[in-house]
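Labels A, B, C and D are assigned to the chains in the order they are written; within every chain, residues are numbered from 1.
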Amino acid sequence: MIDIIIHCTVALLLPPLLLGVITKTKAAFAGRIGAPLLQSYYDIFKLFRKGSVFSTTTTWVFRAGPLVTLAATVTAALLVPLGRHNAPLSFDGDMVLFAYLFGLGRFFTTAAALDTGSSFEGMGAAREVTFSCLAEPTLFIALITLARMSGSLRLSTILTYPSPGLWLATGASMLLLVAALFIILLAENCRIPFDDPTTHLELTMIHEVMVLDHSGPAFGVILYSAALKLLVLGAVFVNVALPVSTGDSLEDWGLFVVAMLALAVGIGVVESVMARLRLLRIPQLLVGATILSAFGMLLVLR
Amino acid sequence: MLVLVASSIGWYALFCLLGGTLGGIYQLDWPMPFGPALFAVDPLSALFLFPLFLVSGCVALYSLSYWPAAERSDSARLTLFVGVFTAAMVLVLLVRNGVLFLMAWELMALAAYFLLTTEQHNREAQKAGTIYLLATHSGTMALFALFSLLHRVTGSFLLPAPHSLSTSVTLEAVILVTALIGFGGKAGLMPLHFWLPGAHANAPSHVSAMMSGLMLKMGVYGILRTVLLFVDLPGWFGWLLLVLGGWSALNGIALAAGQRDLKRLLACSSIENIGIIFIGIGMALVGLQTGAQVLFICGFFGAFLHIVNHGLFKSVLFLGSGVVLHSSGTREMDRMGGLAKRMPVTAALFLVASLAICGLPPLNGFVGELFLYLGALYDGIASPLPVLALVAPLLALVGGMAAITFVKAYGTIFLGTARSTVAEHRHAADGPMVGPMLLLAVCCLAIGLAPLLLVRMVAPVVRFYSGADVNLADLGGLQIPLMPLTALNLLLLALIVVLAVCYRLRLHGLPKAASATWGCAYQAPSPRIQYTGTSFSEMMVNLVGYVAAPQRLKPVLAGFFPARTATFSYRPVELLLDRVLTPLFSWIGLAFSYMRRLQHGQLHIYVLYVFATLFVLMIWAH
Amino acid sequence: MLYALVLIPLVGALLAWVIPDNRTRPLVLPVIALAHLVLTLLLLWHAPPPSANGWIWLDPLGKLVLLCISVLFSICAFYAVGYLAYRQERSNRVLCMGLLVCLAAMGLVTVSQHLGLLWVALETTTVAMAPLIYFNKNARSIEATWKYLLICSVGIALALLGLLFLAYSTYVAQRDATLLLSSLMATARGLNQGWLHAAVIFLLVGYGSKMGLAPLHTWKPDAYGEAPGMVGAMLAGGLVNCAFLAILRVYQVCLASGSSELLFFQRALVGMGLLSMAFAAVFMAKQADFKRMLAYSSVEHVGILAIGLGLGKGALFGALFHLLNNGLTKGVLFLASGNIHRSYGAKTTDIVKGAMTRLPWSGGLFMAGFIAITGSPPFAPFISEYTIVSSAFAEGDYLVAGAFLLFLAIVFIGMALTVLPMVMGTPSDTTPPTGYRDSVLMVGPPLVTMLIILVLGVWPPAALLGLLKEGVALLGVQP
Amino acid sequence: MNSLADQLLVLVMLINLIMLGSSRLIFSIRAVAAQGVILGILPGLIHPFSLHLTGITASVILAKGIIIPYLISDAVHKAHIRREVEPFIGYVPTLFLGAVFTALAFVFAEKLPLAPEHKELLFVPASIATLLTGFLILTTRRKAISQVIGYLVLENGIFVFGLLLTEAMPFMVEAGALLDLLVGIFVMGIVINQISQEFSSLDTSRLRALKEE
């Protein structure tokens, strides 16, 4: 019970911090002081107090977009184990629902983007659906591989199963999976090298361009959902990549938060040292990730 | 109207049957030398009858306002054939005599032909009708062979009892392959799908709904019925179905993504859904053959649920496309836009169905796919060589592409602003046509929220195949998460509602403003600047260029102010039809025209033919 | 009573000759036709015993053909009244007489138990048909008539030689030549094999050319294409069936003579049948002239009949039933095509388009006929064709069955590509309107026929099935 | 008697060859008439006398020797043609083919068993040879009239064989056959007249409008 409360608390409160850490890391690389770590919280709060502008072309779909996305992401957050703790909700095949909830969110985000009638937003939406479509199989292959190792179909079991021992036994395969998952993490969250959230040219953006027309509380919701998504997918990655357990529940929670922050730093580092890929290259990278995960699966079968 | 009455009677009958023992048999002494005319209802036919009565009833209601008898002169013909079509499908499901089955089958196919060529003066519809008729009749020839072979094996024209047929390996293979050609062609399984997009696109929309939602399923029914006859099936058949299903699903949706014609898009997505159904059947058969019960159960549940579900949401989509067509006067999505403001109910229902067809929770499409995923995942952890596990990433890819397709369709049609003046000026309102659509969409949602309802209905069918009771709660360590699914779906809906209420309250206290869409500082935006559906899916279409292979005609631009006539055109190509079948036919036609010189009009050579025949026979007799 | 079958039409022919008025003369046709139909039904109900010398008797096979002919003729007769009202510009005396003489001869064919008499009657039909084909009196119709006359005459002459061979084989064996069916069958086992063999070949080629089996069918497209619709119907539904009856008689003799001869005959029939279907398939593709297309369809169905007979066993039922079905369906098609021809003044598909719009009834009937003739349920030809296929499968003749289905499919494709644009679609604006309108007399008869075909396909009367079974029994299979 | 019959049959075969080689239409018609007369005489030579036989002899001579040739030459006169058989293949090759066919006829006849009293006679080879000649004329000649002549020769060939059975066959059938032949030729004559009116020629190679492109 305590775990569930902590789960909810962490899931609800931690996400914006991750964004702050990433920004801070990037600022550090650029030799700037950068915004405060808690800047994202401020942003979101400020947005909730702001008025909204709605385009005259939009309909209720435009308004529903952020809300459905948030609802779907929150539901997904309930399914994924954070650290060594089981998720509040868990059943056989919950990973399918997990993946499809993101799909639902994406459907609404992109539909909302199209609702504005802006060509830029349409462009972003097209990219978003295409890239995530290519990313999806990778996720499933990786999850099946992990499921096969753990012999279970529940995310909670699958993702808490990896251990240092497993790493020692099937290192090569795990490495491939982690690489694939990291690529998925970056792609799904629209980070460099797939997308640059801070760019100033709408033509080259993916996620940010889709939400150009949102304002006020809705935009706050979007920011928050994005951060939550980062946390949820990050948790999947962290669970596989850093399978350390202290044995004590509370210490494990601490460990998880630290690991997530470390992941945020890692993302920040990647964003600082890499340039954004050309849009045409992105599918190739995603297919490459699929191949990596498939190869990892083959190694497990062997 | 009559169809409506009939379908309600059918409903009543179905409920009686569901309430009863599900084993009604009615026998009629047919004077033909093919044995008695046997009609029976078993769980398998009941499974198909359920969406059939539901959808045909809704379609009948819909057509009252879609094709009003007062305004359209051809409505008598249309209504007649809708009735014949429905009746023939019911017959197909009920008869247990091979010859009668063929009769009902062909009646259905012919009625569909007349339905889809209702618009007599539409050249494209005529062409599509011709292709359809040729394809379906050739498929019927395969069925001639199928039922003749069954007759050879059993010595009777009555369909053998379930699980009673066993024969030599070769004959079994031939029977299965003929069934696959005959029924698979009707179901639109690739590569026999070539007739489908044109046919569904050009029929009146409610007919398309019936063809796609119901008639394609008859092909599936045929395969399921054939499979049911055998004592044990050869292992390769399940795999073959699986591969064909996967191939259809992937390529079907790839084709759909590249379409610009709304109804063609829906038609191609039918190919995809049929593919998914066949993946399920293939999985179940593989499970049956290898003794993996979980695969068997998951495969069949997935397939059966999807059969019903697809019937529901595809009907909503086609009916919705009819409303859209009425109001915009075109099928080309790139000329539409902004319809959601003028017909909010239709837009909402279309959205529900789009979500369902993408398999997204909390709608019914997800339930069927979930079973398939579960089967695949279970194979992934349990089988020594988890080939079937690949179904999961495949379905994920297909699902992703479905999302592209339907975001594109929904976004370009209903969202944004009207792209052409044609779409703008037509009279448009929701009208009474949305009633039946609403009913179907509510069914979609109900099944999505409480899948147990449908699962209960489908369970007897699975039991029919396995011969034993199915305990979904525990399948070799796997629990089918129906209750958690309901809970989570409700949670999701509740969350959405709560968020919406909060948001609304929040907005209430804040300043609001309305303005034009942010055009990135562009000062003179026009509706034509919007992203088109074609551009939306272009990236994906390019990735799967081998199937969709659109033809692009780029104008050559010369000078500083190129002529206005230079336009860019984009046309999706049907690979099989345009690149293979049409050239093949013209080649054969050419070969035939050489052979036709035998009839050259010279009498004395004709006399020579007579004597040549005489000589040949003499020599042969020797 | 059997003699009345021949005499009534002859009296009618005489009447037609006597009546001077072009307008009232055609009325003789329906009167005689009705009398003939009533007589036929009476005979079917209660057949008189064989005549004294055994030459004349109506056996089940004859009954079947007689029924088909009589029904078809009645339909054509009523149609003719309507049709000839449109063709007042020329005398219809020869046409009416020819039709009636032909009916008489065909009646004689059905009751002949003596092969020689049968030959004479058949030759009479050949000659009587010639002026009918020439009704339009133009260059094309004369060419068609000439070709028809010559090829059929050569064929029928060969058949005569075959008959002589057959008679000689009895002569060699028992020093007493006979062509009486019953005595032939009684002594068939002792017949001289060599002569019998030669006889069978000549008879097959002879009657085959009359029936239109490929490659002896060359006259068919020309004659069918140029003759008026109802004459085409009588050719395709009457003459073909008479010739087929002759072949059935030969089959009976073969059956009685033992297995080797029967086997050869059956194989030859199947071979020629498949060849006919193949020819038809090739020639029907892209056929621009719809009447010629119907002719090739007739070639195809003659092939189906031959295959059904050649396969024997269960297929015999199909073959006999198909005889009836094909005759009636062809009747509908020819009559409807005649109407369309009248209405457009053309019979090529580049001009004839959208008949369903211009002539809803005739166009619809043509469409229905097309669906029926290609073996689609719920019409009767489906039943017969399917019986033949399934029996081929049942006997293990996979090759024959496969080829049969393949050709059916090709024929369907070819025919559909001609028929669909012609019937469906939009009429082109350039076609000048003609005086023709669908009238009861010109649409009613084919409509009735279509209904009969439908009933036969769904729920045939038990009496007919009993007749078919009796016929099958004569051909050696006890059902 | 039998040797006389054989000689007549040889004559029949010679007439065949003459017809193949002749270029004049009227001459061919006369040759057919001659053949018909011979055919009329033949049954009397091989069968014992009877009323039936007389009837046949009389009617055959009447039909084949007089009426039919008359009908044809009438048609020829009406169509204003005298000569030119106009073969598709030259006379010499046709003659050669005719010779080959005659030889073949003998071979064929050898294969078939004959009743003892017919063993010595040439009926079967003569019949087949005449049949084949008729066929040759039918396939190689251009004029409609020539084709009718070919058909007649064909019929004669069949009739030669029929002579073997004259006794056994009922009169009615024979009469019917003859009558049919007569009417057939009559109708052909009418048609020929129409052809010559319509095309102002009897050249059947002009009758080629009805064909598949």
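Please note the rule applied: a residue touches a chain if its C-beta (ideal position, glycine included) is under 8 Å from a C-beta of that chain, and two chains touch if they have at least 3 such contacts.
Everything quoted here is computed from the prediction, not taken from an experiment.
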Legend entry - Graph separation of chain A and chain C (steps between touching chains): 2
Inset, instruction - Determine, using the mean of C-alpha atoms as each chain's centre, which chain is farthest from chain C. - result: A
Inset, instruction - Could you find the two chains linked by the most C-beta contact pairs? - result: A-B
Inset, instruction - Express in whole angstrom the distance between the two chain centres, defined as the mean CA positions of chain A and chain D. - result: 100
Legend entry - Cα-centroid distance, chain A relative to chain B, in whole angstrom: 35
Legend entry - Distance from the mean Cα position of chain C to that of chain B, given in whole angstrom: 44
Inset, instruction - Take the average of all CA coordinates in chain B, do the same for chain D, and state the distance between these two points in whole angstrom. - result: 69
Legend entry - Junction residues of chain C - those touching two or more other chains: 146-147, 150, 154, 198, 221, 283
Legend entry - Residues within chain D bordering two or more other chains: 138, 147, 204, 207-210, 212
Inset, instruction - Quick one: which residues in chain B touch 2 or more of the other chains? - result: 593, 596, 598-599, 603, 607
Legend entry - Touching pairs - complete list by chain label: A-B, B-C, B-D, C-D
Legend entry - Parts of chain B lying in touch with chain C, wherever the complex brings them together: 30-33, 99, 102-104, 106-107, 110, 117, 120-121, 123, 126, 129-130, 133-134, 137-138, 140-142, 144-145, 147-149, 151-152, 157, 588-589, 592-593, 595-596, 598-599, 603, 606-607, 609-610, 612-614, 617-618, 620-621
Legend entry - Residues of chain B touching chain D in the complex: 593, 596-605, 607-608, 611
Legend entry - chain B residues within the chain A interface of the complex: 337-338, 340-341, 344, 347, 351, 354-355, 358-361, 366, 369-370, 373-374, 376-378, 380-381, 385-386, 389, 392-394, 396-397, 399-401, 403-404, 406-407, 410-412, 414-417, 478-481, 484-485, 488, 491-492, 495-496, 499-500, 503, 506-507, 510-520, 527, 529-531, 535-540, 543
Inset, instruction - Can you check the complex and tell me which residues of chain A touch chain B? - result: 48-61, 63-64, 67-68, 70-72, 74-75, 78, 89, 91-97, 99-101, 103-104, 106-107, 110-111, 114-123, 125-127, 129-130, 132-134, 136-141, 144, 147-148, 151-153, 202, 212-213, 216-218, 221, 283, 290, 301
Legend entry - Of chain C, residues touching chain D in the complex: 114, 116-117, 119-120, 123-124, 126-127, 130-131, 134, 137-140, 142-147, 149-150, 153-154, 157, 160-161, 164-165, 167-168, 171-172, 175-179, 192, 194-195, 198, 221-222, 225-226, 283
